[in-house]
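In the two assemblies presented below, chain A is common to both, partnered first by chain B and then by chain C.
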Partner chain A sequence: MISDEAYKELEEAVGVDNVSRHPAVLDSYAFQPFENHESMPWCPRPVAVALPSTTQEVSEVIKACNRHNLKHKAFSTGWGLWCGPTTDDVVQIDLRRMNRIVEIDEKNMFAVIEPYVCGAQLQAEAMKVGLNTHIIGAGPNCSPLASATSMHGVGHDSIYMSYSARNVLGLEWVMPTGEVTRLGAPGSGKGWFCGDGPGPSLRGTMRGYTGALGGMGVFTRVALKLYNWPGPPEIESTGTVVDVMSEVPDCLRIFGCFFPDKDRLADAYYDIGEAEIGYNCLKVATPAFMMILAPHLFKKLKGTENLRRLLGGTLGQMFLIILAGISREDLDHQVDVLKAIVDEHLGFVLDAKNIPTLGSNLAMNFIRATMPALVFRIGGSFSTALGRNDSLDTQLAWGEAIAEIKRGYAKKEMIIDDMGDNPYFVPYENNTWAHCEVVYPYDHRSEKHLAGSSAINMDFIINAIESCMEPMFGVVPSARKVLSPLTSNFNRWQRKLSEALDPDQTSDKGFYTDEAEFDFTNVPPERVERLQKLVEDLTWTELGPPE
Partner chain B sequence: MQTKSTDPKVFRRAVGPENVSTEESELEHFRTAGLSSRGEPAAVVRPQGTAQLREVILLARETATNLVFTSSAPPRFRGDTVPAGEGIIVDLSGMDRILRIDRRNKVAYIEPGVTFNNLIERADEAGLKVLMPLLPRKSKSVLACFLEREPIIIPKYHWDMTDPLLCTEMVFGSGDLFRTGTAGSPGGIDRQLKAGLAHKNPLGPGATDFLRIVQGSQGTLAGVTWATIKLEAKPTVHKIYFACDDRLERLVAFTYRALRPRLGDEWLILGARSLATIIAESPGSIDELARRQAPWTLVYGVSGYRYYPEERLAVQENELARIAQAVGVRPVPEVPSCPAKKMEEILAGPSPYPYYKTVPRGAFADVAFLTTLDKAGAMVEVMSTACDAHGYPPSELGIYIQPIQQGRTAHVEFTVYYDPADEADRARACELVEAASWELDEAGAFFSRPYGSLSRIAFRNCPDSVEALRKVKQVMDPDNVLNRGKLCFGEEVV
Partner chain C sequence: MSLEDYRRDIEGCSRCSSCKWVPYNQIKSWRFSKNCPSIYRHNFHTYSGSGRMVIGLSLMEGRAELDETVAEMIFRCQLCGACDSACKTYRDDIDISEVLLELRSYCVESGELLVEHMAVIDSLKREGNSLGELKTARGDWARGLDVKDVNSETCDVLFHAGCRYSYDPDARETVRGDIQLLRSAGLDIGVAGVEEACCGGRAYELGYRGEASNYADDVLNRVKSSGAGTLVTACSDCYSHFQYIYPKIGKELPVEVLHVSQVMDRLIDNGRLDFKHELPLSVTYHDPCHLGRKGEPFTGVWTGDKLDRPMSLKRSGRKGIYDAPRNLLYAMPGVELVEMERIREYAWCCGAGGGVLEAFPDFSASTTVERIEEALATGAEALVTACPWCLRVFKDAVDQTSADLEVYDLADLALISAGVAQPASV
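Moving on, here comes the complex of A and B:
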């Protein structure tokens, strides 16, 4: 409950039309089914929602919350359980009115944006001046500010446009106390060209590999790197989001590259990286295409053994790559290099130029990353196995290990059978490191699937620890509690920083520093024992990890 | 915490008596550096590993001793290793192993005492190249260099400000051990290597990035005991070009258009004096060489790699030639007294001894800051005006402009040369640097890694950051035992 007095202060902060405590409105924030493995997919209902339109208003909302012992939690474009409150007495700060592209600096290749600017919006504006923006795999509907400051940040374009956290050139941050600060050069009034300094970089307190997921104030502006776009200011397209046909610009070539096995695929990846070609690159499972685009057909065909062998085996080790050239000569060179590498590693290329309709469909779907969200279609929900990103080899191995785990669960019908493989594998920064997560779809209405989710997630965590990875869903309080002692006691330090910068702990810390016990209800006892053994073996002492 | 008089004997317990020195011949290197004021080093302590470093820090907490880290050998110029008052020098230069080079993942595992020459040699054997800053001094620690966010000369490989530093092991001022990036993943390093990790991911662990916090902290928050460093593939063909101009704007325009699609490898702009200082083979020839150069010279490299190297080289050369023509710049294969091959060799390694900046007059002082390339010209004007005002000929000023973050940011470095034996000359340099720094600050210069008195200028602009940084310092170094009084952690700042 929120007191009338507190509610009135929120009204004063943002205007009466921009605050609500109506249960129906609040429930629209509390219904968070994605990555919510409860049978009733709700999170705690916020006590109120406030929609500020300026940084100053955000500050006033937070100060009002603090005066009344209410917590706050930011929400921008929202994609899952972590966007909602994790506890009672939380005011949800919905940032959708802060939707301005403040500046695009063409020359210095960056944009300053507010939280509710989405990837597609920024991309459209950037392309007009020959630039492009990194769009995360979750899609162009997501807020680039949110992924850069608060969540993860991998995308199909990471080969050329990196990881969201590494694209920050400056930040405006309403601290949990309500004070406004700016990091880096903008903090010294010098412009938005560098996010670090003077001296130690406070960017390191803002986020690490993951963000604080609303646990450390509210980010109201960010300067993000933009990247070269050699294509036209607009791409002529017809159709709707996924079923789109676009005029493929002359500066782009799209290839599917298929290899006989994982090792050859890996070697090709490494060589492509050293050749410094590629604008957009994604390893996808061929069955996944059919699953997301034609789920009904997929369900009917997936039992066909020959099809499984063809898609998961013969065509299983493949990636799709888009080359972008600044001239014909440049593009031709990149094509020559790609073909030479694929040849050397006994692969073959499928050139979209020879199948114009396919290329026409893939171009914008990949450059704008529109397809991944379709994975919801087959079962209504999905989850994903995330291991810590590092070398390409580790990520490919992770993909295989998780596929194997999935097959067991699919056989027992505890998740939807997607033919066992569904990696979202993306190389970063000229293939010098990589990301792999393995998606599994499930039906949220099925008790069996929900039970399967807990068990399979435990297997993922165990596999991650055995592979010396910090599972990226260490943002979950129960996983954090187990992992922190194995990984530099990171949460102890995170908590100390949180207490230093948020002395009254007014931000919702559920996905940032809180810890909780695992619910082992649906986990086989031997898996629980395995986890406990790993924890026992790998817990840090004051001298570091057991070597 | 109250500063106590430091008894060096205490640290024998941690590192053994043979690794504690109070010899004046060693201490003198930490009394002054460049224009910085006098410090009072009481001893040099040399830990031989992480465990000993941890013991040293814990003892410092017990005894309220100020510890100042160093990992490069002398000479030193910036003053970050000169204690503010009394202090014990913690010398990590003896930890100098290259622990591993991973060719496939292009990464080196190094301790703090590894210098560029060692690393270049080992990387070269593996077919890799080290991402070089411009002519670091021979004795400079690679790890310290990148902890200080020293810019590298190939902008396309500078994706973010932490590059090329990746994962680290560090000991906080609290004495706690921490590993960053994927080095902080479960298991020890051997186990992680067996699992295939290459320690390429610099972020985390978790939702905090202690590497980023510790970078640029001048040893005020933690000591770093090893790190992984990003290397890159050695080109199979490589050429250097020059573009000379009397107008900086044209070279800036060329740079913007070239770096946007990541053309070129090495990419830096030098004023005539800096160029002459770099290429001169004797001190006496610098003046004449400087007179023979254009006011501005852009140096850039182009490369071909394993697949179709000549074709790639040709593509790069042609694209750059087209851009050059469009902006009115003419690339040439040599400048007076420096053919491309010579410059290629210069850029590939550290400075010869003596350090190149000391060659013209015996000593120097740098004013280095960040801005954007389009503002570099205005900054040069400000600096030239300040030179005029202090009777320092602008033509004798060293100027180096380095695009970083793939061209989004520019590191600008002015070098004032002076004769350390001439008190008046030294005083003039000191006054010029001080006055110019204030004026540059007014003009928009961002002093992102301020040394010595520059801290006052840098931190006065961001009192809220100072407040936050002091809280971070309290968390990581609760007894204030690490490099007291530096950056914004002294009482006089802000």
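Moving on, here comes the complex of A and C:
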């Protein structure tokens, strides 16, 4: 409940039409099904929802909350459980009205945007001036500001445009106290061109690897580095996603590269990184393609062992790569290099130029990252074994181990069988490191699947620890509580930072530093024991890592 | 069907927000990237397709109660179907449009009624039309035309004018011209004149299902007694209702149903209609929701798991009528078609639908103005549409904003180009 007095102050901050405490409105914000492993898709109801339209209004909303001992939680587009409140005293700040592209600086290759600009909008506008923006793998519906400031940041184009947090060239931040600060060059009024100043540097303060997931005030503007786009101002296309057909610009070539095994695949990746080619690159499980494009057919065929062997085995070790050249010579050179690398590692290339409809479908779908949400088609939801960023071959080995775990659960029909390892795997920055997530589809409306998804996640975590990887548990603070001792107790440092910048702990930190106890209800006792043993053996002490 | 029958659809929502955007591959600019007029205006997630589905869940779970405010949230929606088409680019198991209709029926059954909608229903009951006009004047539009009266004669093609074309003085000439053109192409046409009544689709959309059913019976009986093999309508709303709502409520018409643009397109194809008069005009075409995505035929009620529903039964909006109107524009000498950014199944609504024009005129007008601005951005001289409801709100908005844009009914351009009407008449 929110007091009339507090509500009135919110109304004064954003205007009466832009705040609500009607239960039906609040419920539309309490509905957060994605990665919600409860049987009903709710999170705690916010006490009110406010829609500020300026930084000043955000600041006033936060100050009003602070005066009335209410927490605040912001989101940009609001996709996922981590966007909603975690306690019942939270004002949800929906940033939808802050939707402007403030500036695209063509010469200096950056854009300044507000939270509710989505990836597709920014890309469409950037392309008009020969530039492009990084779009995360979740899709172009997401906010580039949100992924740059608050959560993850990995996408198909990471080979060229890296990780969202790397692209931040300046930031405007309403702190949990309500104060407005600017980081990087804008902090000294010098423009939005450098995240490290002149002005206060932002690295490690604004976010660490995962982001604060709404637990550290509200980010209201960000300057993002833009990259070269050698193609036309607009890619002409018809259709929407599955049926999209685009005119592939002359500056692009699209290839599927297939290898006999994962080691050769990894070696080819390293060589591609060294050669500094590639605009967009994603390792895709071939069955996943069939699953998202033709789920009905897939369901019928997935029992077929030979198909499983063909798609998951023979055609399993592949990636899709888009090359972009600034001239015909440049593009030809990149194509030659790619073919030589694939040859050297005993692979073969499938040139989309020879299958025009395929290239025409993939071009837009990959450049704009529009396909991933098709994973929802087969079962209504999916989840992912979040691997940590690591070296390429470690990631690939982990992907295989995880696939084994998945198969067990699929056999018991506790998740949907996707016929393969189905990793979301992208290399970064000259392919010195990569990100691997192993996706598994399930139906969150099925109790059996819900139980399966809780248990399988624990198996993934245990496997990651056993494989000497750091399990990525950034979005589940309760898991972080269990596992941070394995990774230098980094949560303690997060807490210190959080206490320094938010002395009264006014942001909702349920996905940041407030760490509830992990719920082991659906995890078999022997797995709990195994986890506890691993944690015991591998915990860091004051003196450093375990022997 | 009831709201409860769609619980799985609702619970299936992932909250991805695709229902708020033009399908992403078709986003061409920041300015024209949104697709839902309701959330565009009201901003809270509640006002999106997803948000309204959640209202349904909240009501079913007893978390929120239906009151006047909730009813208004439900009715502040044009039922344009853009959310449904966008969602279906990713999902096979969610029928947002069905949920939106169920919510309205739920409101009406629970007694949460809007006065403005009650006035529409009252007019329907008393005068057989949704516009508050006199029943006795219904047939005036056809006075003096050389056309059969199906109340006393049989015909091959029954022409249903619809409420707006029958009464709106700005639209009447268009249907008169339609009749002349179709007659001159040799079609054996009949109209019901004063006996024609509303198709009832509006009543269904407002949540008054009993009334809708009565009017469907009326049309069904007339179609049968006319001996016609084809029912032609010039109204996109009526077209959608015949194609979709009638079969859904068990009143499928036993004849082929065509929009007048489809008939003209066919006539051109088989050489019975020729556009020979030069019309030097650059135009942009507005896809009426009810002819486009909402014009897709009913495909049956799927009672099993929708994840197993064959693709052929999924109403994705793609199978609406998009090409016939464009074919006509292409066939008109001198006419140049410049497309807007939001077209076909992701077209922006005109603002007139879902009872919004009647109950929330400000909201309706802001939706219309948004489309006018999009049309202006193409640089075209004229905005063309194929629905009298769109035509009405576009004309009013252009008048009010003094926008430098002509507004035409597609049929009027066809009539000029075919030489049936003189340019001065439009």
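Some points to look at:
In this section, the second predicted complex is superposed on the first by the 538 of 547 C-alpha atoms of A that agree within 3 Å, B and C clash if a C-alpha of one lies under 4 Å from a C-alpha of the other, contacts with A are read in each partner's own complex, and residues count from 1 in each chain.
Simple rule for what comes next: contacts are C-beta pairs under 8 Å (C-beta built on N, C-alpha and C of every residue); 3 or more make two chains touch, one makes a residue touch a chain.
Predicted, not measured: the structure shown is a model, and the values here were computed from it.
Looking at the shared chain after the overlay, A:K283 reaches neither chain B nor chain C. Of the two partner chains placed by the overlay, only chain B lies in contact with A:F110; chain C stays clear of it.
Comparing chain C and chain B on the residues of chain A they touch gives the larger count to B. After overlaying the two complexes on the shared chain, residue contacts for A:V241 are found with chain C alone; chain B is out of touch. Of the two partner chains, chain C is the only one touched by A:L51; chain B is not.
Of the two partner chains placed by superposition, only chain C is touched by A:H296; chain B is not. Touching chain A in their complex are the following residues of chain C: 8, 11-18, 21, 23-30, 33, 43-46, 50-51, 54-55, 57-59, 61, 63-65, 69-70, 73, 89-93, 307-308, 310-311, 318, 345-346. Of all residues in chain A, those touching chain B in their complex are 107-110, 130, 162-163, 165-167, 169, 175, 179-185, 187-191, 193-205, 207-213, 215, 225, 228, 230, 270-271, 274-276, 326-327, 329-330, 333, 336-337, 340-341, 388-394, 397, 429, 432-433, 464-470, 474-475, 480, 483-484, 486-491, 493-494, 496-497, 500-501, 512, 534, 538, 540, 542-547.
Of all the residues in chain A, the ones that touch chain C in their complex are 18, 20, 22-25, 27-29, 31-34, 40-41, 49, 51, 77-80, 94, 96-97, 101, 117-118, 120-122, 124-125, 139-141, 234, 237, 239-244, 246, 295-296, 299, 364-365, 368, 370, 373-374, 376-381, 443-445. Residues 50-51, 54, 104-106, 149, 159-161, 169, 176-180, 182, 184-192, 195-201, 203-218, 220-221, 230, 233, 256, 260-263, 305-308, 311-312, 315, 318-319, 370-374, 405-409, 444-450, 455, 458-459, 461-462, 464-465, 468-469, 471-472, 474-475, 487-488 of chain B touch chain A in their complex.
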